[in-house]
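Shared between the two complexes below is chain A, which pairs with chain B and chain C, respectively.
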Partner chain A sequence: MKKAKTNFWTKVYPWILPVAIIVFWQIAVQTKLINSQYVPAPSAIVAQAIKSWQAGTLQKNISISLYRATLGFIWGGGLGFFFGLFSGISALFRATFDSTIQMLRNIPHMALIPLIILVLGIDESAKIFLVAVGTFFPIYINTYHGISSVSEDLLEMGRSYDLTNWQLFTKIIFPGALPTILMGVRYSLGTMWVSLIVAETVSADSGIGYMSTNAQQFMNVKIIYLCIIIYALLGKLSDFMAKQLEIISLDWQKA
Partner chain B sequence: MNLVEVKQVSKAYGKNTILDTVDLNIQKGSFIALVGMSGGGKSTLMRMIAGLEEATSGVIVFNGHKVRGLNKEARIMFQDDRLLPWMTVMENLTFANKSPEKLAKAKELLELTDLTEHYDKYPTALSGGQRQRVALARALMSEPKLLLLDEPLGALDALTRQKMQDLILDICQKQAITTVLVTHDIAEAVRMADKIYVIKDQGISGRFDNPNYTGSADEQRLQRDHTEQKVLDVIYGI
Partner chain C sequence: MAKSHQLRKIFIVVFLIGWLFIAYFGWKQTTDTSSKLTTITIGYQAGDEFDIAKTRGEFAKKMKKAGYKVKFKEFQNGSAEMQALATGAIDYARTGDTPPVTALASGTNLTYVGAGGSKEQGTGILVKTSSGINSLSDLAGKKIAYTQGTSSQYLLLKALQKAGLSTSDVELVSLDQSAAAVAYEKGKVDAWANWDPQTSRLELNGSKLLVNGSDISDNNRSYLVASTSFAKSNKKVSKLIIKYLNQDMQWVNKNQTKAIKMMAKSLKLSTSVVSKMVKRRTYSFGYMTKTAVQESQDIANLFYEQGVIKKKVNVKSHVQYLK
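And now, the complex of A and B:
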């Protein structure tokens, strides 16, 4: 009985407020409490989603946005991990690169947009590059921090048990740094979507951002809302996936 | 026959001399204790025997060979258990080598340390005493010639501590493992060791042979108390 009650509170309760907001929103638009010209009813947004899906534009734009986000994340996150890893384990590497990376980190990456357009144009590479820049720094910082804060006592224990450098890395350094690295992954997934939205809003002829900008020109408020909701859902989905990865790989923390 | 010979060993960190021309012989199969005040150099001496630190001068000979770098035939058990929290008990024992022989050895040690039912648990799910038993089992995995105990029981409650002392003594005696115990607890040293060395004033200030006490329980307790008092007198310079 107590377990069922706990299940209700953990699974159902967090959804009560969003559902209540949607219901209130629907009623407010239908009773003309809110002007539907600026705030369309949730049912109208769902109808628009079905219409766009049937026309094939919705899935096409979602696919291209996902492609840009994924590729940018792989490049940016991969390089961030590589530089963070070596900065964490090699004093020479850290001395060579860390100051420069920390300096670049303080440049708002949106400030790079004019330069990116000038150098890379407005094709796919520009958008992927901007997402990569946005995801690089959170993963770099967290990987570097995670690796360099692995307990010296555990490392000494590993050395005293005659572990090779590779064993030290796989058995102690990487697992010890993993919670911090995964925190960086979650944070960079957030910056991934922000970078993508900006990239697609500034210069694109496809993608969710383009769909939204295009709808603004045609005063189609329903599509603008639909795009905002899709961004929110994709953001939530990626965060959920990162959280599942944390649950699977850090199950020892729950013990 | 000596397993370890510490010859004229000194250790200094910058201008701060911790140990000055120390000589110490540890016989094969013996159980010795190093006692003394904090910062006196007990753990430093042990770490040099383990090869985790280098002597500033002098030599340490282990089983006929000069210790250079890690002493692979010695295993150290630290004050904090230093178990890997992301590995289960079994994985903590076999993390360096997962061969079938090592798995069998790990099972045997888990049985010996009464941990068989906990083999798949993570360290955070174990009590302090259980964690130290895992650390002991891990130290014994490679069948070391020398077991170095760096105040491993310091954080345990009195009852668990006594049980651990009995377990360590039992294993070391049965397997004839030469053991060095570093401890603040004089009673623990008297209870466990054959010989007690007082580390003080950068060297060894006293050595006590600890006989097998005879007579009734009360008489044995009195004899132990007497030895403890003699050790304390040297530590406090009385």
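And now, the complex of A and C:
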């Protein structure tokens, strides 16, 4: 009985603050505490969402953004994992690539845009590339870090059991690195959305980022807020997903 | 424990399938159905002549009949369009009067192929009615927003020149359209050099035009430019585009009410704003004229004098007079 109660609390408690903020926000706008020209009420934003949905633009833009984000994540995350993995296990590979990657890591996306237009043009590939760049680094760093920090003692023990290199990898190195790698996945799911906003300002005529910049041009405040909220929800959703994945694949740790 | 994992796994799989399904739906929308027609890619900006042609739909149909598939690419501003033109990502670009001049100064190979009607009434420097700024000389010491490399830069320099002010007498802030909109609305800048539909929208919301294009003989035409090599070998296409675009423009002039309704919907602006914009200009599009070339040359000269561009530009040698 007591357990059920704490369970309920741990589920509900994190939602109290966001709900309270929304309620306060609605009241503040209705009592004219906040100017609705700059900050529209939550109810007005919901109404705008319904209006955009009925016009068909909302679901179209969301699905296009999701497509760009997913493909970019698969490319960037996949390559990041590949490079991180080899940097973690091979000293030669690390010496060849690591310092270059660390240099590239801190280049702001905005600075890359002219280059991307020059090389990739303005089509989908340019946008997907930018998302891939954004998702590459977190996964690279975490994979590399996770693999290189597997305890030497465990490896020693494995060797004394005559494990082959492949067995060492699948039984000790990879499981040991997995928590850090999954942290990288979670982090890069966040940067995925951030990169996408930047990407969708490059000659886009669709996507949530486009919806937002287009609304900014004509000061359509409700759509601006709607887009921010959609980003927040998509971000939360992908984070939730990654967390579920973590829980399942790290179950062995408890044993 | 095992059971809750089962549920979690099912949940993740269902979620992933849903995700991929939506992403697939998005992919379907970004890929066009392939066809054997030659594709012509045109860069445009929200609310311009091609935006009308795109929304109306007749233009693409006529081009298709003539054997060309038209792809429209929207841009936030002219300098991005010029970049895309230089790399061949687009074949044609419809821009304001200034971007081609700055692009020519930086060595981009482009050719003017067409010019639009003048729209001097809708271009100008906006100030809030309550700001107490009533003449150009009141701008001294004020913060003015504009967008570098766009027609607002020329307008601003020309207006300052007329008022006998130099750029050091005022504080110029280059902001892109969306940032400038917010900064102006919140009073972080005192004035904003801009064009329609922004000017119409703000004039109906407590702002006024301190000066417009006609006061300082800045006609702020639209231009159709293409890369030099493309323009040379595609005269026929250029002619078709200008002909069909002009038909759309004439349609707007004759069917203002219908056009206003259509544009208000696609731009998500109120009909009063769009109607103000449409009524104060005459829509047209044609081949390059000597007047249009001279207007562009004036921009190049002023920019060179003021050090905005470092190279002298001779517009005449980058023009194609179609017949």
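Of note:
Rule of thumb we're sticking to: the second predicted complex is superposed on the first by the 243 of 255 C-alpha atoms of A that agree within 3 Å, B and C clash if a C-alpha of one lies under 4 Å from a C-alpha of the other, contacts with A are read in each partner's own complex, and residues count from 1 in each chain.
What we mean here is this: contacts are C-beta pairs under 8 Å (C-beta built on N, C-alpha and C of every residue); 3 or more make two chains touch, one makes a residue touch a chain.
Fair warning: this is a prediction, and the values are worked out from it, not measured in the lab.
Of the two partner chains, chain C is the only one that A:241 touches; chain B does not reach it. In the superposed model, A:162 makes contact with chain B only, not with chain C.
In the superposition on chain A, A:216 makes contact with chain C only, not with chain B.
Contacts of A:172 after superposition on the shared chain: chain B is touched, whereas chain C is not.
The larger set of touched chain A residues comes from C, when the choice is between chain B and chain C.
By the touch criterion defined above, A:70 reaches chain C but does not reach chain B. Touch criterion met: A:153 reaches chain B, while chain C stays clear of it. Residues of chain A that touch chain B in their complex: 153-154, 156-157, 159-163, 167, 171-172, 175-176, 178, 250, 252-253, 255.
Per the touch definition, chain C reaches chain A in the complex via residues 5, 8-9, 11-12, 15-16, 19-20, 22-27, 29-30, 43, 46, 72-76, 80, 83-84, 87-90, 177-178, 181-182, 185-186, 197-198, 201, 267-269. Within the complex, the chain A residues that touch chain C are 38, 60, 62-71, 114, 117-118, 121-124, 201-206, 213-220, 223, 241, 244-245, 247-248, 251. Residue ranges of chain B in contact with chain A, taken from their complex: 50, 52, 70, 72, 75-76, 78, 80, 82, 84-87, 95-96, 121-122, 124-125, 138, 142.
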